[in-house]
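To keep things simple, chains are lettered A, B, C, D, E, F, G and H as they appear, and every chain counts its residues starting from 1.
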Amino acid sequence: MSPDEISKMLRRVRQGKLSVEEAVDRLRTLPYEDLGYAKIDHHRSLRQGFPEVVFARGKAPEQVEGIVSRMLANKHNILITRGDEALYERIVRLDKTAEFYALSGAIAIRRDRKIRGKGKIAVVCAGTSDIPVAEEAAVTAETMGNPVETLYDVGVAGIHRLLSKSRHLREARVIVCVAGMEGALPSVVAGLVSAPVIAVPSSIGYGASFRGLAALLGMLNSCSPNVCVVNIDNGFGAGYLASVMNRL
Amino acid sequence: MSPDEISKMLRRVRQGKLSVEEAVDRLRTLPYEDLGYAKIDHHRSLRQGFPEVVFARGKAPEQVEGIVSRMLANKHNILITRGDEALYERIVRLDKTAEFYALSGAIAIRRDRKIRGKGKIAVVCAGTSDIPVAEEAAVTAETMGNPVETLYDVGVAGIHRLLSKSRHLREARVIVCVAGMEGALPSVVAGLVSAPVIAVPSSIGYGASFRGLAALLGMLNSCSPNVCVVNIDNGFGAGYLASVMNRL
Amino acid sequence: MSPDEISKMLRRVRQGKLSVEEAVDRLRTLPYEDLGYAKIDHHRSLRQGFPEVVFARGKAPEQVEGIVSRMLANKHNILITRGDEALYERIVRLDKTAEFYALSGAIAIRRDRKIRGKGKIAVVCAGTSDIPVAEEAAVTAETMGNPVETLYDVGVAGIHRLLSKSRHLREARVIVCVAGMEGALPSVVAGLVSAPVIAVPSSIGYGASFRGLAALLGMLNSCSPNVCVVNIDNGFGAGYLASVMNRL
Amino acid sequence: MSPDEISKMLRRVRQGKLSVEEAVDRLRTLPYEDLGYAKIDHHRSLRQGFPEVVFARGKAPEQVEGIVSRMLANKHNILITRGDEALYERIVRLDKTAEFYALSGAIAIRRDRKIRGKGKIAVVCAGTSDIPVAEEAAVTAETMGNPVETLYDVGVAGIHRLLSKSRHLREARVIVCVAGMEGALPSVVAGLVSAPVIAVPSSIGYGASFRGLAALLGMLNSCSPNVCVVNIDNGFGAGYLASVMNRL
Amino acid sequence: MSPDEISKMLRRVRQGKLSVEEAVDRLRTLPYEDLGYAKIDHHRSLRQGFPEVVFARGKAPEQVEGIVSRMLANKHNILITRGDEALYERIVRLDKTAEFYALSGAIAIRRDRKIRGKGKIAVVCAGTSDIPVAEEAAVTAETMGNPVETLYDVGVAGIHRLLSKSRHLREARVIVCVAGMEGALPSVVAGLVSAPVIAVPSSIGYGASFRGLAALLGMLNSCSPNVCVVNIDNGFGAGYLASVMNRL
Amino acid sequence: MSPDEISKMLRRVRQGKLSVEEAVDRLRTLPYEDLGYAKIDHHRSLRQGFPEVVFARGKAPEQVEGIVSRMLANKHNILITRGDEALYERIVRLDKTAEFYALSGAIAIRRDRKIRGKGKIAVVCAGTSDIPVAEEAAVTAETMGNPVETLYDVGVAGIHRLLSKSRHLREARVIVCVAGMEGALPSVVAGLVSAPVIAVPSSIGYGASFRGLAALLGMLNSCSPNVCVVNIDNGFGAGYLASVMNRL
Amino acid sequence: MSPDEISKMLRRVRQGKLSVEEAVDRLRTLPYEDLGYAKIDHHRSLRQGFPEVVFARGKAPEQVEGIVSRMLANKHNILITRGDEALYERIVRLDKTAEFYALSGAIAIRRDRKIRGKGKIAVVCAGTSDIPVAEEAAVTAETMGNPVETLYDVGVAGIHRLLSKSRHLREARVIVCVAGMEGALPSVVAGLVSAPVIAVPSSIGYGASFRGLAALLGMLNSCSPNVCVVNIDNGFGAGYLASVMNRL
Amino acid sequence: MSPDEISKMLRRVRQGKLSVEEAVDRLRTLPYEDLGYAKIDHHRSLRQGFPEVVFARGKAPEQVEGIVSRMLANKHNILITRGDEALYERIVRLDKTAEFYALSGAIAIRRDRKIRGKGKIAVVCAGTSDIPVAEEAAVTAETMGNPVETLYDVGVAGIHRLLSKSRHLREARVIVCVAGMEGALPSVVAGLVSAPVIAVPSSIGYGASFRGLAALLGMLNSCSPNVCVVNIDNGFGAGYLASVMNRL
C-alpha cells in the first residue's frame, strides 16, 4: 500500500465513510488467497501481467492441481515448473490448452500471448545435456511474453561454433547462458556483447563438477562484468529475470 | 568486427584500394594496446562510452600508473577499484580531478559527466559494515553515468526500517543490494519491487559466515525470482551490471 | 542421583538397614532398561512427564516394535519419528489410539493429554514443501502437552503475507520457524517478536541449497539475537526444545 | 505498531485531533534514529528494558563513539562487543562507569542493575581457551539483568570434573555451553539436566577443527534434544538468548 | 625380503647352489598370486597368521568367489567384508563353515580358532543404528583371534549408561568406539581409560551430519590424547588395527 | 582458418573469382554439422586422424544414434563413452564391427587400425575396483592408434607388487595411472620413471573418500613433478591426452 | 573411583569411622586442582607415570606459568607444547632443567628418565618441512619414557630412500608417520611392516593441500589396514598414543 | 637398480670379486646424499640432465644454502623456487651467475645452456596478476633447456586478444596455461590447438574464487580433452612437466 492510498483511505475515515474497524482490517489484509497448505500470491500477476507460477517438485500432485484450479479463475498465464508426464495429464484435464515440455518438465497454459518484451532474449547453452535447463528458461521467457532465440551446443572447446553465431548474440537485448562442467561459456559470450548476461550453472558433469558447483564458482568469478548468476539448474529464474530486464 | 565492416573492407580490397596484406593484418589486429604486462582493451569504452577500469589489487603501483597514463590519452572516464591512499597519491599527480573513496578504495577520474542511465539506481545495504562494498557499487554506477540513491543499514532483523523506505525502492529502475551474514536482504527487497535486484554477498560476518559463503548461498537460493547474484564483495560488478541494465 | 539421595542411602547403610553390597549395586544401577540392541532410558519421562521417543530411521521395524512394547508398560506418551505407513500398521496393533502423521512420518500415542506448557507455541514455515518438517515439530510439541498454532507458506519473498500474521506471532511464547532455500524467515520473524525463535533449516531446495546447508548457514548467521538453530530437518528437536522452554 | 495503537490513532484522526498528514507520517516513521552510516533501533530496549548493543568489529572507532553518544541519551544499559583497549579509552571518556572485559573485548555501561531474569544462568566452557567466548556470554547475560554462574575448564575428556559440578548445572534455569575442538560438552551437559542448553561452538582448535566447524557440526548433531546452537564464537547471541529464555 | 634372507641367498649363489638367473628372478618375484583382475597378497597372512581379507563392494560376485577359491588352498581364516545374502550363498557352497553376519554383511570362514590377542578388545557403540559398523569391527577382531566384548547403545546424552559400564571399559586392552551424529563418545570413553581408543565415525545421522563428516571431525579434534581415528564406517580397519595392537 | 587461407581467399576475391557475399559467408562458416540438438565437430578428426567421440551419458539413445549415423559418413574411428548394453544394441545395428567394453561402458568402431603413437602407453591401476576407469583409458588410447599395456591391482599398500613391474613402467613412453581411496599410486609410479604420468582419481572408496575427492586432492599435491591430473573417473580424457603426448 | 574403593569407604561409614557428610564429599571430590581459569587433572599422571601436559597456544604466558608452578609440586615430567622462546624464558626460571625444542616449540622438564616403553618408536616424516611436527611427536614420546628413532625426508616420490631404511622401520614396535601434501607415506610404510602406524597429516603444502586437508583425507582412505590417523599437525597426540601402545 | 645391474653385480659375487656383505650394502644403498634434515636426490639429474631443484618455502635460509652448496659440487643447473630477495643474497655469494626472478621468487643457476626440448613451449596467462605463476613456469622450462614464448593478459573476456595470437599458440609443441578467477582460458586455448595443454589454476581472485579452488574445478571439468591440471599456483610443476613432454 502506497502512502497515497493510505492518505485516501484515512480521508474516508475522517469523512465517516469508512469505519475504524474496517480501516484496521484493510491495513492488515493483503491480496493473497489462503488454501491452507499454500498461500497464492496474486500480487505480482495482478500488477504486471506476469504469469502465475507453481514449482511442482516437493508438492503432491493434488496440491498442484488445487493451486492451478484457483489460478484459472483469473486470466493470467500459468507456468508449472519441474513437473512430469503424470502431472501434465492432470493439468490438461483442467485446461485443454496446457502444453508439456518433456525435457524440462515445464507445463504452460498461455491465455495471454501479447508480446511485452522490448527486444529478443537469446538462450544459449554449452552442450546437448544442458538443453533441459535451457528449455525451462526459454519456456519461462516465452510465457512471459518475449520473443526467444535458442542457440544450443556452442561450448567453448570449439570456439568457432560460438563465434559463427556472434551476430545472433549481438542482436539479443538480454542473454541467458547455460553451461555445466567448467561453466566458461558466459564469460566468453559476455565478452562478445554489451547486453546483460544471466549465467545458469547446470548440474551436468561428473567427478569434480560436484553437481554444478564447479560451473557455479566459475560463473561467479567471471572476468566479464556484465555477467550475473542464478542458482544451479535454475532455468526458470533466469527466464523470469531476463523477462524483467527485457521490459525495462 | 561486424559482418558489415568485413563487407566494406572486402569491397575496398576488390576495388584495389586496400592491399591483400593490409587486409590480412586488419582482420588480425584488434583494438587493444599492448604494454607487455597488460593488454588495454579500448573496445568497450570506444563503443559505448563506458569507463576504462583497472582492478588494482595484485598489480604493482607502477603497473597501475602505467596503465592509467595510457588511458588518459583518450577522453573516457577512468575507474580504479581496490586501490589505497598511496596509489591515489600517484594517480592524482597524473590527473588533478581524481577522487578517492576511502571506504572502498575506489579512485575515479570523471571527464564525462553525461547522464546515460534511463532511471535511478538504488544501492541498498544491510549493515554499517557492508558500506565499503556498497560504496564501490555506487561509485561505479555514478562513473558510468547513473543517478544513484543509497539506503544503508536496513537489515531484515528490523524489517520496519526497510519497509519505511519501500517507496524509495519502488522508484528505482535497478537495485543493487549488499548483505553479509545471512544475506537475506535481497529476497525481502525483491519481494517489494518488480525491478531486477542484483545481490552482492559481502564477506562481513564471522564464524559460520565463512567469509561471505553463507550470504552467497542464501542469495543463490533466493525465493524471489527477480534476484541475480555476483561474486562476494564484488561491488564493482554489481554497479557495472546495474549500469548496463539501466541503459536498456 | 542427587546428593540428598546419596545421604539418605548412606544413612540407611550406617543404620544397617542396607547391606554394603546392595548399596554398591544401587550406586551403579541406573533407571534404564537393556534390550540388548537398545537401552531404553526411562529417566527423563519418569522425572518430567516427558514422552518416550523412538527415532525409527535406521532401526528395523521389529526393533521399534520391541522398544514400544516395553514403553507401553508405563503411562507416558510415546512418540515415534521418521516412521512410515508400514511401521504404523505394526504400532496400531500394539495400541489402538496410535495416530499417524503422513507428511512427517510421525506416530503418536497420547495417553496423557494434560496441558503442561505455559503459553502457545507457534510453528511457522516458509513454503508448502517445508510442511513435513513443521508437522514433526508441531506433533512433538502437542505430544509434550502444548497448545500449538501453525502458520504455513509465509516466506519472505512476499513479506506482506508474514506481516499480516504478526499479531499471531507476538502472541506465541516460543516460536519454531522452518525454512529451506535461503533460510531467511527466522531472522525476519525474530525481528518482529521478543520471544525465543528456534530456527530449523529444511533440506528443501536444489542446486546451491546443498540439501539444507545454505539455509543452515543463513540461520546461524542471523542478525537477530533471539534466534537459535537445530539440525537440518530436525523438526523433532525444535518441537522438544520449544516444549522445554514453554515449561520454564 | 500493534493493531491497538493503529485503532487509537485512527480514532484521533476521526475526531480531528490528528491531521491526515501527520498520521501518514507516523505510520511511516518508526522508532529508530538515523545517523547516516547507522540506524539505531531503540525499539527493543524501549519495549523490554533490554540493553542497546553495538557490534564494534568492522566499525570505525568514531562510528562506535557516535552511536554510543546517542544511546547515552536514554537510560538503558549499553553493551559493546568485540571492542579493544583503545575503544574502551574512548568510551570511558563518554561515561565513567564503563567497564572493560579484556578477554572478550566487551565493554558494558550498566545504569539499570535490576534483576529481571527469573532464575540463574550457568555459563559453562570446556577449556581455558574458550573463556573469552564464555565471558562474552556471561557479560551479556549480566548486563541484561541475570544472575550468572560460570563453570570453566570442565571438558569431556575428564568427565569427573564435570560430574562433580552437576548439582550446579541442575540449579540453572538456562545453560550456555561453550566448547571448541570436538564440541562434545553440550551433549553431555544436556543429558544431565532438563533445562534448555544453548551451545556455542568456539573457534579454538587447529587442523581439522577448521576454525570451529568441527565443533559446530558436532553440536548441530547432538543426540540430546534440549540443545540448540548459535554461530561460532557468538557468546553475545548465547547470552542474549539465555536472557530471553530466563524472562519467560 | 629381509637382509638376512638376501645374505643367505647370495651365499648360495657364491656356492654355485643357485644360478644367477634364478636369483634375479627371486629378487623380483614376490609372494603374491596373479588372477589378472586381482593380485592376491599371501604375504601378511603367511607371516603372521592374519586372515586373508576380501572387500566385496565394487567387485563382481564371481570375482569374490574366484578370489576365495584360491584362498581356501591355504589354511588361514578368510574374512569377506561388505557382502550380502546372495554372496553368502555362493561362499557357503565353497566352504560349509562360512558364517554370515547380516547387519554388517561380513562373511567369515574360521579354520584357525587360536586366541592370539593378549587381552580383551571392547567394541563400544553410541546408538542402535551404529551396530552394523560395530559388528564389522567385532567380527574382524574375532576372526583375527581376539576375545571381544561388545557394549551397545551407550551414547553420551545419557552418560550414566556409559559410566555404569566403566569397569568393563577399564578391563579392555584396546577399545574400538563407534559413533555417528556428533561423534562425542570416543572422547568420553578415552577419558575413562588408559588403553588406546580407536574411533570409528559412522555415517549414521542426517542433515548436518553430512554422512559421517561431523562425527569424523569431532573425533579428529578429540581432546583425549589416547584417541586415533579411521575412515567413516570402517569397522574392518578398526577391528584389524585393534588386533595388531592386542598382539603387541 | 589460417592467415594463409585467408590470403588465398582474399586474392580470389580481388580476382573476381569469389563474390564478396560468398567470402563473408566462408569467413563465418566453419567445419561443423548442425543436428539441432548437437553440433558435430569434424574439425579435430579431419585434421589429425583422431576418432570422433560421443559422451553418451545425459543424452537420449536416439540422440547418440543420430550423431553416430552422421559420423559413419566419413572414415574415422568412432568412440562412444559411458554407454551401456542397450545402447550397444542400437549401435551394432548401424555398424557390425562395433565392440562393447562392459566394465567401462565404452563402445568402439575401429575402421582405421594404423599405429600412430610413437611408443607404448602403460595404463596402471591401484585396485580391482578401479578397472572400469582404466579400461576406458585403455580403449581410448587403442582407438587412437596406440599400443597399450595394462597393469592392474598394484596399489601402494603392497609396494613389492608395483616394484616387480618397474621395468614395464620404465618402457612406457606415457603412463596413465588410476587410483581411488588415497590416490597415492601416481606419486610412487612417477618417482620410478621419467615419462609423463597422467593421474586419474577414481570415485572408488567410501566415507572420507568423498567420491574421489580424497584421491583427487592427493594427486594434485603429488610431490613428483612429472604428474598431471584429470577429472575424477575421466578415463577417456587420460587416454586421449596420453595419445596426444605419444604422437609428439 | 573403583567399586572396590567405594566398598571400602562404605564399610568405614558403617563402622562409624567416616561421617556421612564426609563420605558425600568424597564421592563428589575428584583428584583435580582448580586454578579458576583451569582445572589441573593429576589423575592420569598419578596413575600411570605419565607426564603432565600443557597446550600453550591460546593461553596467556602467565596462565601457563601458573599451571606449571603447580605441576612442579609433584614429581612427574612436564611437557609444554606449542610454546615459543619467550615462554621458555619464563619456564626455565621455574626449573633450570627445562629444555626447548625450537622447531616445534615444545618445552620439556624431565625429572623421571625411566624407560617405560617396551620397544622402539620410529618417527618418520616425508619432507624437510614436516620436521616440526615430527619433532613434537618425538619429544612427547621421549618425555613419556620411550627410545625414539627418527627418519626424516623419506617421501614416496623417491621410494628407494624409504626402502633403504625398511629394516629400521621393521625394528620399531610402533611407528609415527608425518606427511603433508598428498599424505601417501603412511600407506607405503604400513605396507612394509606389521606394527601399528599412527599417521599425522601436516599442514605443509599449498594450493589444493588446503592446509593439510588433502593429506588428512589421503591417510583416512589408506588401503593399509594398520594405519590410524590423528589431527593435522598433531605431533603431540601421535607421540602420546604411540607411548600408550608401546606400554601394552 | 635395473635387473641388468643386479645380474652384473651377482656375477661379480659368484666370481668372488665382491663380498656378500658389500653386495648386501649396495642393494640397500641408493644414490642420494644425507644432510640429516634433507636427503638430496641426485638420481633424476644424474640420469637425465635435469636441474636440481629446491623448494625454498618452509625451509630455513641456512638449510637452502646448505643444500645448494652440495648441489654445486656437480655440474647440473640448479633451480630454487619460492625464494626471496634475502635468500638470493645468500645464493649469489655461493655462485655469481645466480639469477633472481622477482615476481615469482625463483632463483636459477644455469651452467648447462644446451637446448634439449624438441620444440617451443608457450606459457600463456589470463591476467596481469597471473604473471608470477607464469614466470615460475617459464623459468623452470628455460632452466631445463627449452625455448619458451610467453603470452600474457589474454583472458577469455576479450576473446579477440587471444584469437589474434592463435598462430603463436599453434606453433608451440606444449602449452602451459595459467588462469585464476573462473579458469576458463585452458579450455578455449586447448580448443584452438592439438598440442597438450597443462592448466595451472592461480590463486588470483577474491570471494568465491576461494584462493584458486574455482579455477581448479573449472580446469578439471574442461570440455577439451587435451587439458591436464596441476596444483594451484604450481608454475614449477607445469614448467617441469612441459619439459618432460617436450623431450618426448
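Throughout what follows, a residue touches a chain if its C-beta (ideal position, glycine included) is under 8 Å from a C-beta of that chain, and two chains touch if they have at least 3 such contacts.
Just so it is clear, the structure is predicted and the values come from calculations on it, not from any experiment.
A.B. asks: Which chains contact both subunit F and subunit H?
C.D. replies: Where subunit F and subunit H share a partner, that partner set is A, B, E, G.
A.B. asks: In terms of CA centroid distance, which chain is the most far removed from subunit C?
C.D. replies: Between subunit C and every other chain, the largest centroid distance is to H.
A.B. asks: If contact pairs are compared by residue number, which of B-C, F-H or A-H agrees with C-D in over half of them?
C.D. replies: F-H
A.B. asks: Which chain has its C-alpha centroid farthest away from the centroid of subunit B?
C.D. replies: Checked the centroid distances; the maximum from subunit B is E.
A.B. asks: For subunit D and subunit H, let me know how many angstrom lie between their CA-based centres, rounded off.
C.D. replies: Result: the chain centres lie 54 Å from each other.
A.B. asks: Could you grab the centroid distance between subunit D and subunit E? Build each centroid from C-alpha atoms only and quote it in angstrom.
C.D. replies: Taking the average C-alpha coordinate of subunit D and of subunit E, the gap between them is 49 Å.
A.B. asks: Please compute the C-alpha centroid of subunit A, do the same for subunit D, then give the distance between them in whole Å.
C.D. replies: Taking the mean C-alpha position of each chain, the two centres sit 41 Å apart.
A.B. asks: What are the residue numbers in subunit D that touch two or more other chains?
C.D. replies: Where subunit D meets two or more other chains at a single residue, that happens at 3, 28, 158, 207-209, 213, 216, 220-221, 231-232.
A.B. asks: Provide the full list of chain pairs in touch.
C.D. replies: A-B, A-C, A-D, A-F, A-H, B-C, B-D, B-F, B-H, C-D, C-E, C-G, D-E, D-G, E-F, E-G, E-H, F-G, F-H, G-H
A.B. asks: Quick check on the complex: what are the subunit F residues that touch subunit A?
C.D. replies: Its residues touching subunit A are 28-30, 32, 36-39, 41, 43, 57-59, 63, 201, 203, 211-213, 216, 231-234.
A.B. asks: Give every residue of subunit F touching subunit B within the complex, in rising order.
C.D. replies: 3, 6-7, 10-11, 13-14, 16, 20, 23-24, 27-28
A.B. asks: Mind listing the subunit D positions that touch subunit G in their complex?
C.D. replies: 128-129, 131, 152-154, 158, 160-161, 164, 204, 206-209
A.B. asks: Help me check something: in the complex, which residues belonging to subunit H touch subunit A?
C.D. replies: Within the complex, subunit H contacts subunit A at residues 126-127, 155-159, 163, 180-184, 187-188, 190-192, 205, 207-210, 213-215, 217-224.
A.B. asks: Within the complex, which stretch of subunit H touches subunit F?
C.D. replies: 2-3, 44, 47-48, 53, 118, 167, 173-174, 194-196, 198, 216, 220-221, 225-232, 236-237, 240-241, 244-246, 248
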